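Down below are the structures I want you to see.
What follows is chain A paired twice: with chain B in the first complex and chain C in the second.
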Partner chain A sequence: MSVVTLKIDNVDVAIEAGSTILQAAREAGIKIPTLCYLEGVSPVGACRLCLVEIKGSDRLHASCVTPVSEGMEVFTQTEKLKEYRKMLVELLFAEGNHICAFCVSNGNCELQDVAIEVGMDHTRFNYRFPERDVDLSHPLFGIDHNRCILCTRCVRVCAEIEGAHVWNVAFRGAAAKIISGLNQPWGEVSSCTSCGKCVEACPTGSIFRKGVTTAEMKKHPDYIEFLHTAREEHQWTR
Partner chain B sequence: MDKIRFATVWLAGCSGCHMSFLDLDELLFDLADAVEVVYSPVGSDIKTYPENVDICLVEGAVANEENLELALKVRRNTKFVVSFGDCAVLGNVPTLRNVLHGPDPVLRRCYVELSDYGGQIPNAPGIVPKLLDKVQPLHYYIDVDLYLPGCPPSADRIRDAIFPLLRGEKPVMEGREMLKFG
Partner chain C sequence: MEFSELQRIAAEYQAQRKPIRIRYCHAAGCQSCGSLAVAEALQREVSAQGLTEEVEVCPVGCMRLCGRGCLVDIQGKLYERVRPEDAPSLVASIKDDSITPTAPAGSYDHPFFAYQLPIVLENCGKINPEEIDEYIAVGGYQQLEKVLHSMTPQEVIREITISGLRGRGGAGYPTGLKWSTVAKMPKTPKYVVCNADEGDPGAFMDRSVLESDPHRVLEGMAIAAYAVGANQGYIYVRAEYPLAISRLQKAIQQAKRREILGSQIFGSTFDFKIDIRVGAGAFVCGEETALMASIEGKRGNPRPRPPYPAESGLWGCPTLINNVETFANVVPIIREGGEWFSGIGTATSKGTKVFALTGKVKNTGLIEVPMGTTLHRIVMEMGEGCADGKKVKAVQTGGPSGGCVPVEYFDTPVDYESLKSLGTIMGSGGMIVVDEDTNMVGLARYYMEFCRGETCGKCIPCRTGTVQLYQMLTKILSGEATEKDLESLRQLSALVKETSLCGLGQTAPNPVLSTLRFFEQEYKQLLKS
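Moving on, here comes the complex of A and B:
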């Protein structure tokens, strides 16, 4: 294993060659905000939040897809980067319909967390108020495109870990959208194994478990009867 | 020294931010010592927004002509305007109607389609203000001096934002306690 040494925010870091700047920073305990990055699946550099400055380069680099090199000097918290990151999060809020107040993920949302992290107190950009739909055709899960930031974590976790590749990105530019199957209702996509990995991978409340919002909880009193009689009747699953 | 002339305004919001403001509880006595409440739906009976206001908290988004007129007047007559709560800061719930293509489909749905009896769209010029084409956050129309997010901002957050203002200091709006939306 060959080792590369570099400086991140003036801290000396040594890491295996081929690692990314983000990996090196995390190993050194230096926090770089991310949204589309998900450990365990391939990085795509889509959200641009992890942008860093590299000495000698006049452009900004997405640290999740930029490999380290010997002698590199990286800066992760310059004023320019802080301002761009704040702007990026403001643009995400202006692009979709993100209304924390009644979202299922309020308080458990990476977009909300990142807004706090970058110090966003409002958005300077005009809202698009796009018309987007909600797909509740799957028996267990739902997807609300209003809350989607197109990070593609669902696409990657489904394709690379579950191996089902239910999700994809369709259309272009402002019309880009996460689709299931061949742009079918999610509930009709036979390749979906209902594993729920996309639910856990989604950083916002876009992909959610059904039955968790106000007035949606269903009780199953027959379960008590089942527990009582299952042994006699040899019913080991419900 | 003259007391600080303090106002609160309620545009298109649910009044939850004002309820949270009242939740300052005994701190309201300290506030009352420091300010003169010159206009407020929960703290004064004055019906027209006065001149020479020092600090104003504005709750709610701008959804109709009356909201807009009042917002513009607030800006003209106020030194320091606080965008108060998620509806003022982000638009929030009132903006949900924006994807329905203007006010007409909204009014038709509410007052005609869902009406049990004699459905009609309210029309009383000069009394019932017209809805604007789109609901917008406050800063879309006027300059804002401080953003105080939250749905509603907690009483603690309101305290930490407005008491520094009374001392002439700008509050530090950082971290989850001061910035979390929703």
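Moving on, here comes the complex of A and C:
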């Protein structure tokens, strides 16, 4: 296995060839905001928050899917990137119905954390107040589409780790929506094993455990990574 | 199947032809104005006037001047807007010069035809697309035979590289380079994919080629497959093109029956199969990674590149994806040589380009001109400007991914670079003419509405940015916007362009940015003071 060295924000980093820029940055302690990225499932490069600039390229690159190369010079905190990240989070807040005060994940929400991280305190875009529904047909869990940011972490964790393929995305554009089964109520999807991995993977309060109320829902996305790597790492307990 | 067999088929086919041919267009455009009824009437008249021995009524592909269908050609004379009731005088005029047909006569000397250089469209409007023997009779499949017996895959790729052919889907990637990348990939199997998911509003080049000369595309794909080492091809056609699909199906069946597709083609060791995959109405599936996902039976979502399809495409295998027009250029390049092709066009853009000339233009239709032809020649001379005497204001190229070129820049020679420098793109070849009455902000909003509905919803900037851009444009059009909104429009356009995952989002703000660049005044006029 070969190792490459690169510079991220002028810090020299050495990492295994084939790693992504995001992995290299995390190893070097450089924080790049992410939402759709989840350790343990495949990256999709959809949220665009982890975009970085690379010297010699006039495009922006999603660091979660861009492999490192020798001598690469990466910049993660340029003014342009900071502004774009802020706008992207603003767009998300204007898109759904994110009312933190009434949300089970208030205070434990990755969307909230990212908003604070990028310095977003209001959105310059018009709130769209979409009409979205809540599915409470599952005996243990619920999904509130008002809080969904379509990161597809639930889709991937269900397909890649649990192997149940309960979740998917249906429709296009503004109508795009996470669906269960063949667009059935979640409780009627017989392939669901009620494992709860999607609950842990969901970055917002969209998928939640029933019985929790405002700000009570704490999630453990690192649980997914544990499931993925425990055997390799010989972590028999947690 | 051998070369002599091809010649025999061609000779037999020629021998059974009747001396006088009435050609009528049965591509989708003319069919929609009733060319099938015209054909029936013509056939009836031929029988009634006792000319069945010497005259035949032949269905052919697109005759190009689509705006004046139905088009009929009798021994080199063109007739426009032909209706079934014109049949008696048309047929009678064959034998009697003194009879003037009731249908208006057209002229091939008109600039619309005179400036064309048909390479891709050389058989369009000349042969019956539903009859393989007719394609063979004009030399069809001879280049495939030649390639299989006398050229190595490297020689084929070299010829394509020398030709300077660039991808006709819009991005203009050098075709030879793409082929050689796929050819060099060690992994097998490999695939060849033809992108026929032409979705830009106002574009109908690929549809016309598929409806008029499907075998040309099949032959191009087979040559490409031989060059890169693939044995399976897919044509991804949008479901909105039923006629193109049925003609492709027929063409593939006929080619299989003639043993031109299948195993050991022309007695060589080369096997090649082509299957059709029909889209389900998503514009984004024209993006290559989304297209491949769709062929695999998955949701048509784009994925980040690299890896490019040449490295990891269909089912993770090396895949060559080219557009219909690119494949249609292969046969003449192999026949005439790469040098010949590179002699046509400009320094960086070789060959010809097919455009769908449409919008507020007098002569709507399909044109093929050498690269470097000026927009003035295309719009004002070939298209003759606007139909109702209005002034031409601009032309939109590249559909919702492109931009507009105002009339002041019409002396620009059309090639990949010149259009890019004007902030638009070549795109797949849609050219929509805009007249003085068209509001450019409205035009930009129309395209944004299109993109808003067609974004797949995967990445944030494209999914939510297009909706917000659409709302901003609506606000400007309603006269409620201020200078600040215009600034937000610019900022958001830049965000969507720079941060979107795939080509759809990266180009979606182009119509806004382009109209802002050339027609900022129209935006300013709508602002609240």
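Annotations
What we mean here is this: the second predicted complex is superposed on the first by the 213 of 238 C-alpha atoms of A that agree within 3 Å, B and C clash if a C-alpha of one lies under 4 Å from a C-alpha of the other, contacts with A are read in each partner's own complex, and residues count from 1 in each chain.
The working rule: contacts are C-beta pairs under 8 Å (C-beta built on N, C-alpha and C of every residue); 3 or more make two chains touch, one makes a residue touch a chain.
Just so it is clear, the structure is predicted and the values come from calculations on it, not from any experiment.
When chain B and chain C are set side by side, the one touching more residues of chain A is C. In the superposition on chain A, A:Ser137 contacts neither chain B nor chain C. Of the two partner chains placed by superposition, only chain C is touched by A:Ala62; chain B is not.
After overlaying the two complexes on the shared chain, residue contacts for A:Gln184 are found with neither chain B nor chain C. By the document's definition of touching, of the two partners only chain C reaches A:Leu150; chain B does not. Contacts of A:Asn126 after superposition on the shared chain: both chain B and chain C are touched. Applying the stated touch rule to the two superposed structures, the overlap between the chain B and chain C interfaces on chain A comprises residues 126. The touching residues of chain A, when paired with chain B in their complex, are 93, 97, 99-103, 106-107, 112, 115-116, 119-123, 126-127, 129-132.
Taken together, the chain C residues at the contact with chain A in this complex read 282, 284, 299, 301, 303-304, 452-461, 463-468, 471, 488, 491-492, 495, 498-501. Remark: chain B residues 83, 86, 89-93, 95-96, 98-99, 134, 136-137, 139-140, 144, 147, 149, 151, 173-176, 179-182 touch chain A in the complex.
On the chain A side of its complex with chain C, the touching residues are 44-48, 51, 59-60, 62, 65-66, 84, 87-88, 91-92, 94-95, 124-126, 128, 149-150, 152, 168-169, 171-176.
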